[in-house]
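Common to both upcoming complexes is chain A, partnered first by chain B, then by chain C.
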Partner chain A sequence: MTLLFGWPMVSGILQAFGGPEGLTTANFTRMTQDPYFWSSVGNTLLLIVVMIPIQFVLALAMALLIRAKPRGASAYFYIWAIPLAVSDLAAGLVWLTVFTDRGYLNSLLASLGIDPVSWLAYDNYASMFGAVLIAEVWRATSLVFVIVVAGLQSIPKDYEEAAGVFGANSWNRLWHVTLPLLRPSLQTALILRTILAFQTFAVALALTGQNFPLVVGETYRWYTGLQDPNVASALALVVMAVSMVTAVGYLKLLRDQSEAPR
Partner chain B sequence: MSDLAHNDVSRRALLKGGLMALATGPILAACGVNTSGSGGKGSVNFLSTQFSPVEERQKYEATLKKFSGDTSVAYNPVDTGVFNTTLKSQLSAGKVEVGMVGGLHGDLVPFASQLEDLSSLMNDLSSAGYSDDLKELAKLGTDVPRYIPWIQATYVLAINKKALEWLPSGADVNKLTYDQYLAWAEAAKAANGRPVFGIPAGPKGLHHRFYQGFLLPSFTGGQITTFRNADAVTAWTYMRDLWANTNPASTNYDFMQEPLGNGEVLVAWDHVARLITAVKDKPDDWQMVPAPSGPKGKGYLLIVGGMAVPQGSPEKDKAFELIRALSKPEAQIETLKSNAFFPVVKTNIGGDLPGGTALEAKAVKAQQEASDALLALPPVGLGDKDPQVSQLFKNCFQEICLNNADVKATLDRQGAELAKIMDTLNVPCWAPDPKATPCKVA
Partner chain C sequence: MSHATTSKATAAAAGPQPEVDRRPLARQRRNRALLQLACILITLFMALPIYLIALAAMSSRQSLQKFPLSFIPDNFSTETMQTFLQSTGILGGLINSVQVGLFTLVLSLIIGLPAGYAVARFAFRGREPYQLFLLFTRALPIVVLSVPLAQLFLQTGLYDSVLAVVLLHSALALPTTILITASVFLGVPRDVEEAARIFGCSPLQAFLKVVLPMAIPGIAAASIFTFVMSWNEVLGASILTLNQRTLPAQVLSSLAESPLAYRFAGGFLLVVPALIFIFFMRRYLTNMWGSTIR
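On to the complex of A and B.
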């Protein structure tokens, strides 16, 4: 098993530093000098910073709604989990039909007498970012949602009922009882979601092509389009390093203080 | 799910579904989902980088069926990346399953030494009338022919006749200069309230060919050696002005026939095969003309595709037969009619071409035969560095036109990258650069 995971990683690292004359850092220089590199880093970070909080608020709200057991709760669950089964590229293509110049959104605007907007034009950064954000929130919130639902199910109702007996209102119950007990699930979801967010690219590729580059998209472009596996590995290494740092950061940040040695 | 498993009807439905899946598997494979190149015993597996869009593929399969005689052919068009990996892995494993390959000159270059020597075939076809340029290219830098020329194409301008009213006075649309072209784009933008000229600058668009084969040769007389000289600065400054009058949605256009077809763009430059759908239905509404001329002449790019047989091909004889069949003038004309790629053999195209293709043929001829025509080739001999070199031209566009970076500084930076790549490759220059060994960025 170690070999299965370790070997590709080691060969990837070697490839990132590999060159025609032995080990070199030329691939990293090439990577950072590419006009798309820094914009792809910026876009990826911006997407993560804006997207993750939105996804967590949405997923929590949805999970709490499900827990309140409204009529048809299981139907809601299945519907909200549907995006889990949709591939990123397919999701991107679906949203492309919405946002493209002659897509559903512009048709709707036209029927309301409003001038259509080039949502995905390169010089319209805000709308391009918005489109990728909406598509990615739609596609990936369900993962957080499913984890949170599972976490909620493992919390005994007794705690909340006890809090209720002591007069805590629903906000206080959520803030002081449910969320702390949900911490492990949230931590898992946060790590998973952030790492996966670093890997976002098919949605952005389908929607905006090269106009909104993301780091993993660049890895793909260097590997298949530009036929340079070395620079592609260098990019992949960056993604791996950032993912690892983030995961460790989250684990430290969200460590349950009550369990810390006293 | 557990409910489903205990339900007899559902189990039957599941079984039925499974059987359906088993039955449709081979059908899907036959539809080309399979990219490994297998097409059943006895058939020639034809791996190609051309005609991959579904419609083009179907048309070419019909052409193959018509001319392949008794030989059955499994036509597998794939991306250049897949083409490279498939062929490379099969050749290095010593287990070649691909019967023959078809690709652009640049696609075949990396495999030059691993393709069959086609001297005998070239001798048989000596009466076909290949030009000396094509015969030389077919050697792929070795001593013997490694491929037989298959198709050729170029790029022209497609014009919706509506746009002609904004043509600058005194300009002949068939003999435009780049200055007139820009003035025309400005006038059309002013009249429409938005830019109506376009280039295929999308992720799969071929706009780099515009800089490599048209803009830069026309302004600098070269492609690589002149990459960062003063003339190139003039060319890219011109490009920035042209971009300011070009539909900004161009960065989403891969094929210009779509925006031309729906009226988003009225004048566009693109590959003939990527313009044909726009003009073929109502040829009377369209005009196709050669690309403009610059101070150094009318730079134009010639795209050549070839058919080759990898060493170790399991169907070598049949592949040779197929190449012979596809080199016949009738097959070549059929390819022109169906897929808008032009014949490489000497042939009389005749007057019965479909409207759109006739428009293209006229423009292609006018472009090739223009008195100031300056032939350019897509990069030759770069192997797997080819996409990176093309990317450097795209980077210039990205930096200069989209990011508004300084022209000279951008050319110096991208030129340094290009110089590095050319130094490691050590290959001779190709047209229009002077044929010097090795090719270097000045």
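On to the complex of A and C.
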């Protein structure tokens, strides 16, 4: 364990600062001067900021729907959980069949008499972002959904029924009873999802190639395409630093709230 | 019709009676319908893309050239799939993927099972930080590990081998394996184990003959999870290998220059294990992810 985690981390840090003549920050300079770097950072952040709220609202809605026990609930659960086991590369390819120029979405539009749109073209930033967003939401909402369902199962229905007896309508019951009780699950899901979201790259790579760079995809490009492990390490270090700060930040937030008197 | 006449008849028989308020009933019926509608909409969103990629992978090359594409499977063909499977590196990648998955599974069980048992039974002091640590390593970016590991493996001659990927995947899978097996072992009551001890089993025998059989379903769940994780992981595998690529790594590295049909077939082949996995695991899913919370 230590060998596989500790050693690579240390040598990764060394490599990021390493150069032909001792320690330098040249790799970082090269990294930031790369035209793709800042756009990849921007894309990654934008994706996370837009995606996480959508995922949480959707997952919560899905979990509540399942809890209402509609007819065929177990079949719904099965289908809604499938993307959980689909990798981001596969998810990108799946949605490629929909969004590609001669794909299913344009086929649908054409049969409705609307002109096809080139969704994934590099000059069409909004639709490219939309495609990546939809693919990621499709793939990763299941994780939040399953965690929330698990959390809901541990909440006794009595609380809500009691609130109902005292005249709370369903919106109030959700907002004042269920959600606060669900907070631990939501927080875990939030940490896990945010950190995993930083690592998204294959979705975008499969959908748009190099047109929509994400930070981890950049690492891949520097390592395999440009054959520069030093800059790749520098990028990896950025990803690690951001993930760590996020994790620690969330955990701090979590601790403070759970220790505060209710 | 008969309903209306009987209610009219009873109303007439009992004289003037307050109108029955049917609004709550109607509202409930409307809510059920809305609920069903919402479920169907979400199901469409989740299932339609999978149907479409299956359709694309099962269509012939000519029908994929057509525009607009047909949404109904009109000419089923294995041509696309066959071309994909016959292209360079795919069959090898498939074999490598299965190998990596199985070895990862075995390795992470050999280490993870005793560790999970230890977490469940003994290590109560410092358990919470330990579990947090596990959660953290689960979230540790793969890319942080793979780039330096590639250098290490290059030096030791492990680079571009199945073993290299197995080591990386085991490191990634271990935290989850430990968490799941720990929660499984927690589910086996201590009394059973103690009873076995009283009847003359050694601790090891008690574990092997009593605890392990009870824990098998949960352990199976953990193993399938490990396999799927390894099957899906692409970045580390593509950085650590060159010729011994796993299937996802192979698909990823040839993404830019491959025709659309190739990508569709690849995507479909990558999705299939997910369908099977979730089908077998759906009862354990909430337990599995629920256990990472507590």
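In the analysis below, the second predicted complex is superposed on the first by the 249 of 262 C-alpha atoms of A that agree within 3 Å, B and C clash if a C-alpha of one lies under 4 Å from a C-alpha of the other, contacts with A are read in each partner's own complex, and residues count from 1 in each chain.
We adopt the following convention: a contact is a pair of C-beta atoms (placed from the backbone, for glycine too) under 8 Å apart; a residue touches a chain by one contact, two chains touch by 3 or more.
From a predicted model like this one, the values you see are computed outputs, not experimental measurements.
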More chain A residues in contact - chain B or chain C: C
Which superposed partner A:Arg102 touches (first chain B, second chain C, both, neither): both
Which superposed partner A:Gly209 touches (first chain B, second chain C, both, neither): both
Partner chain(s) touched by A:Tyr250 [first = chain B, second = chain C, both, neither]: neither
Which of chain B and chain C A:Pro35 touches, first, second, both or neither: first
Contacts of A:Tyr159 with chain B and chain C, given as first, second, both or neither: neither
Partner chain(s) touched by A:Met62 [first = chain B, second = chain C, both, neither]: second
First, second, both or neither for A:Tyr122, with chain B first and chain C second: first
Chain B and chain C contact sites that coincide on chain A, given as residue numbers: 100, 102, 205, 209, 224
Sites on chain A touched by chain B in the complex: 20, 30, 33-36, 100-102, 118, 120-123, 205, 208-211, 224-228
Interfacial residue positions of chain A with respect to chain C in the complex: 1, 4-5, 7-9, 11-12, 15, 58, 61-62, 65, 68, 70-72, 74, 76-90, 92-98, 100, 102-104, 106-108, 110-111, 138, 142-143, 146-147, 149-151, 153-154, 184-185, 188, 191-192, 195-196, 198-199, 201-202, 205-206, 209, 216, 219-220, 223-224, 229, 232-233, 235-237, 239-240, 243, 247, 251
Chain C - residues contacting chain A, complex: 32, 35-36, 38-39, 42-43, 45-47, 49-50, 52-53, 56, 65, 67-71, 132, 135-145, 147-152, 167-168, 170-171, 174, 228, 231-235, 238-239, 248, 251-253, 255-256, 260, 263-264, 266-267, 270-271, 273-275, 277-279, 282, 285-287, 289-290, 292-293
Touch list for chain B against partner chain A, complex: 79, 81, 84, 202-203, 248-249, 251-252, 262, 264, 384-388, 391, 395, 398-399, 402-403, 413, 417, 424
